[in-house]
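For reference, chains read A, B, C and D in written order, and residue numbers begin at 1 within each chain.
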Amino acid sequence: MSWDRNQMAAIAAREAQDGWYVNLGIGIPTLVSNHIPPGVSVTLQSENGMLGMGPFPFAGEEDADLINAGKQTITELPNSAYFDSATSFAMIRGGKINMAILGAMEVSEEGDLANWMIPGKLVKGMGGAMDLVAGVGRVVVVMDHTNKAGESKVLKRCTLPLTGKAVVDRVITNLGVLDVVPGGLKIVELAEGVSKEQFRSATEAAIVD
Amino acid sequence: MSWDRNQMAAIAAREAQDGWYVNLGIGIPTLVSNHIPPGVSVTLQSENGMLGMGPFPFAGEEDADLINAGKQTITELPNSAYFDSATSFAMIRGGKINMAILGAMEVSEEGDLANWMIPGKLVKGMGGAMDLVAGVGRVVVVMDHTNKAGESKVLKRCTLPLTGKAVVDRVITNLGVLDVVPGGLKIVELAEGVSKEQFRSATEAAIVD
Amino acid sequence: MSKVYSDATAALDGLLFDGMMIAAGGFGLCGIPELLIDALRESGVKNLRVASNNAGVDDFGLGLLLQSRQIKKMSSSYVGENAEFMRQYLSGELELEFNPQGTLAERMRAGGAGIPAFFTATGVGTVVAEGKEHQDFDGRTYILERAINADLSIVKAWKADESGNLIFRKTARNFNVPAATCGKVCVVEVEEIVPVGAIPADGIHLPGIYVHRLITGTHQKRIEQRTVRAKETA
Amino acid sequence: MSKVYSDATAALDGLLFDGMMIAAGGFGLCGIPELLIDALRESGVKNLRVASNNAGVDDFGLGLLLQSRQIKKMSSSYVGENAEFMRQYLSGELELEFNPQGTLAERMRAGGAGIPAFFTATGVGTVVAEGKEHQDFDGRTYILERAINADLSIVKAWKADESGNLIFRKTARNFNVPAATCGKVCVVEVEEIVPVGAIPADGIHLPGIYVHRLITGTHQKRIEQRTVRAKETA
């Protein structure tokens, strides 16, 4: 009745165009790299200072000097390049990355994104998320449509501290795909078995036709 | 009765301290590198993107990819490093260069420097001079005390467009050495055979004791 | 004039004072100046203000200086790995200035590049923008961010030549480059010091002009999250 | 999707329009994109605005585009080597915006880094500061300089791999790096294209993300001032 994590990642992977440079956030976005269609060559950026991020290493081949932005051990590829953090974010801020696929806590109908802080509860920090949403050409959010209590995470207005204002282009949830358009969100696709009514009732944000 | 070019360069070379990074301008300043005292190790920066500038190449060993800021062919040294122009001037602007030794058309008693433009006559450009005087820790000017007409180049106020305001620390001319201090210029040293009276009469700027 | 010191304590001698500002390289536990952090702990220097992307973990990296209560204020982008950090912050013992990661890196780079402030769109419309100057350029709104200038930079590189020219290894480069540039004095620890000339002039990641003191020593280089894939059998 | 084009004309196809803004690498005649400049001349594109530290000499480099009157405005720091430039400027045919060299490099870098404007002390109290916003930080006065964003970057590197990762050679790196970053499209000419993987990941000067189109060809690499020293005899 709805997409699972891998299906959401596969939907997100269809966004990628041949030759693009893409930054993937932690969580479901990381899975996207497993679903890039054949014939589409995508170079993954890791904002801690690498282009051409490869898969996890084989056991015993981990390198403490080679990690991704999630601090996980990774590998390099033939086209990889390393650089420092100032250069990495110059690239991000300067619009050189074609797309970022990120997780979220909340998205608003105006494309506001909240994914870094729950006041009084979690104090982790925004990491590179604010830079990514401000700088990257296309921002795609992948998240569950509702929270554990069944409340919509696709809102009229975000309740949590923002990561960025009017920065999201597309939202992919377990229930479907939404584009941020003038006046609200537009349904692009519904998950198999999800009706428009179900989708609307799970969505607080304004949906425009 | 006054210092020649090489003597001025030798006087300027005494400014250098062991371990310093120094930028030398075109003209007499270039000669300074021949006079660095033994035991003093100085690394020369060339603002087009090099630290550790070596001497001119032997004939036949010129390399079109290896020039200094005056566009002359040079060589590298064992400690040389290359970098791009943004990095080079980040270094200069950020105060990492200990000293710049530059030529000048005019210097004022407040340490203003004019060395890049004669209105209506010469349109060459300031190159890196404005960056150097604004960013480098110590700015030493080496120039003739008077112009061809015998008029002082050490002035109350510069008449030519400025390279920088209140940027010069010391002036070395063929007649002597002056420091920029509150209220005017202070004589540090006179060239052999130059009397204080001669020096004062050749100097428009206020000299303080 | 040699830049090479015998150990981290010797290399920090005369540089430390209570309340000082330190810029530290590293991302997570990758490329952190672990030897210099240990020496800072031993020095007992207090009320440090530290600019570093992360705060280490409880028992390694800057976490050690949190444990010993030597840090008064952190400027970071992400501190999620450090429970002691959270405890001190939530109890009000520790000041925290959250920076977007790229803003933090650029603030350090600006400090080293003689740029006192720059405009960025990062953080506009968020808490990060509160109290900051806003200005529009070509129809977009930006905020003014100030440079970070530190009293001391502590940096980890892979190799240095004796003149201080540095190379880093893989993603351990990270904040070490911008952090190195923004300190009045920069002390660097490396895995190996090689003779001048051993690093090709075109292969240097950070020229020796940025490096004032240099040490070498044994590094733990801890891995924070060991992730592996299964070896496919043929 | 290959970045490699057959020649300079093919690599510029579809990118040119009258009045466009071009950022060019090179310092003097060192590291200039000579093949792309020749192709620009052949294209006949007009009213160009060009950001380049220098303007070439009369018969080489950007001097060729001055000769053919294709340039309307130059943003440079030094044009002393070019007699035709001076003539056109003094007769009012050519607009000229003088930039301090470091400000020019930083304006390009800012354009590539998403920074619309930054403060610098360079030029304060000079003609360069006229009409610019002044602001004091920590007791010193700075001026606000705007980023350069170009429609096209033309760049010369030494080698590229097929994914566009670049390395430069010696002082031919110069403005090629900042210029490459500030264009909407960046076209690069190199002396050799090598297979992906041939340049070590830690040795890349500019990652391929900045490079959209790539050509190779024979370069003249003219020397502007051949200075030599005498060989001492033993």
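We adopt the following convention: a contact is a pair of C-beta atoms (placed from the backbone, for glycine too) under 8 Å apart; a residue touches a chain by one contact, two chains touch by 3 or more.
Worth saying up front: this structure is predicted, and the values here are computed from it rather than measured.
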Set of chains adjacent to chain B and to chain D: C
Farthest chain from chain D, going by the mean of C-alpha atoms per chain? A
Note: chain D sits from chain C at a C-alpha centroid distance in Å of 32
Nearest whole angstrom, what separates the Cα centre of chain B from the Cα centre of chain C? 35
Between chain A and chain B, what is the gap in Å from one C-alpha centre to the other? 54
Per-residue overlap in chain B, given as positions that touch at least 2 other chains: 76, 82-83, 89-90, 92-93, 134-135
Chain D: positions in contact with at least two other chains: 106, 109, 113-115, 120-121, 168-170, 201-202, 205
Which word fits the touch map of the chains here: line, ring, star, complete or other? other
Hey, which chains are touching each other here? A-C, A-D, B-C, B-D, C-D
For a test of understanding, state which residues of chain D touch chain B in their complex under the given definition. 27-31, 53, 76-81, 86, 89-90, 96, 98, 100-103, 105-106, 108-109, 120-128, 158, 168-178, 205, 221-231
Interfacial residue positions of chain D with respect to chain A in the complex: 1, 109, 111-115, 161, 163, 165, 181, 196-197, 201-202, 204, 207-210
Listed in rising order, the residues of chain C that touch chain D in the complex are 106, 110, 113-121, 135, 137-138, 140, 142, 146, 167-170, 201-203, 205
Chain C partner contacts - residues on chain A that touch it in the complex: 46-50, 55-59, 61-68, 70-74, 76, 82-90, 92-93, 112, 123-131, 134-135, 161-166
The residues of chain A that touch chain D in their complex are 18-19, 21, 41, 43, 45, 51-52, 76, 78-83, 89-97, 134-135
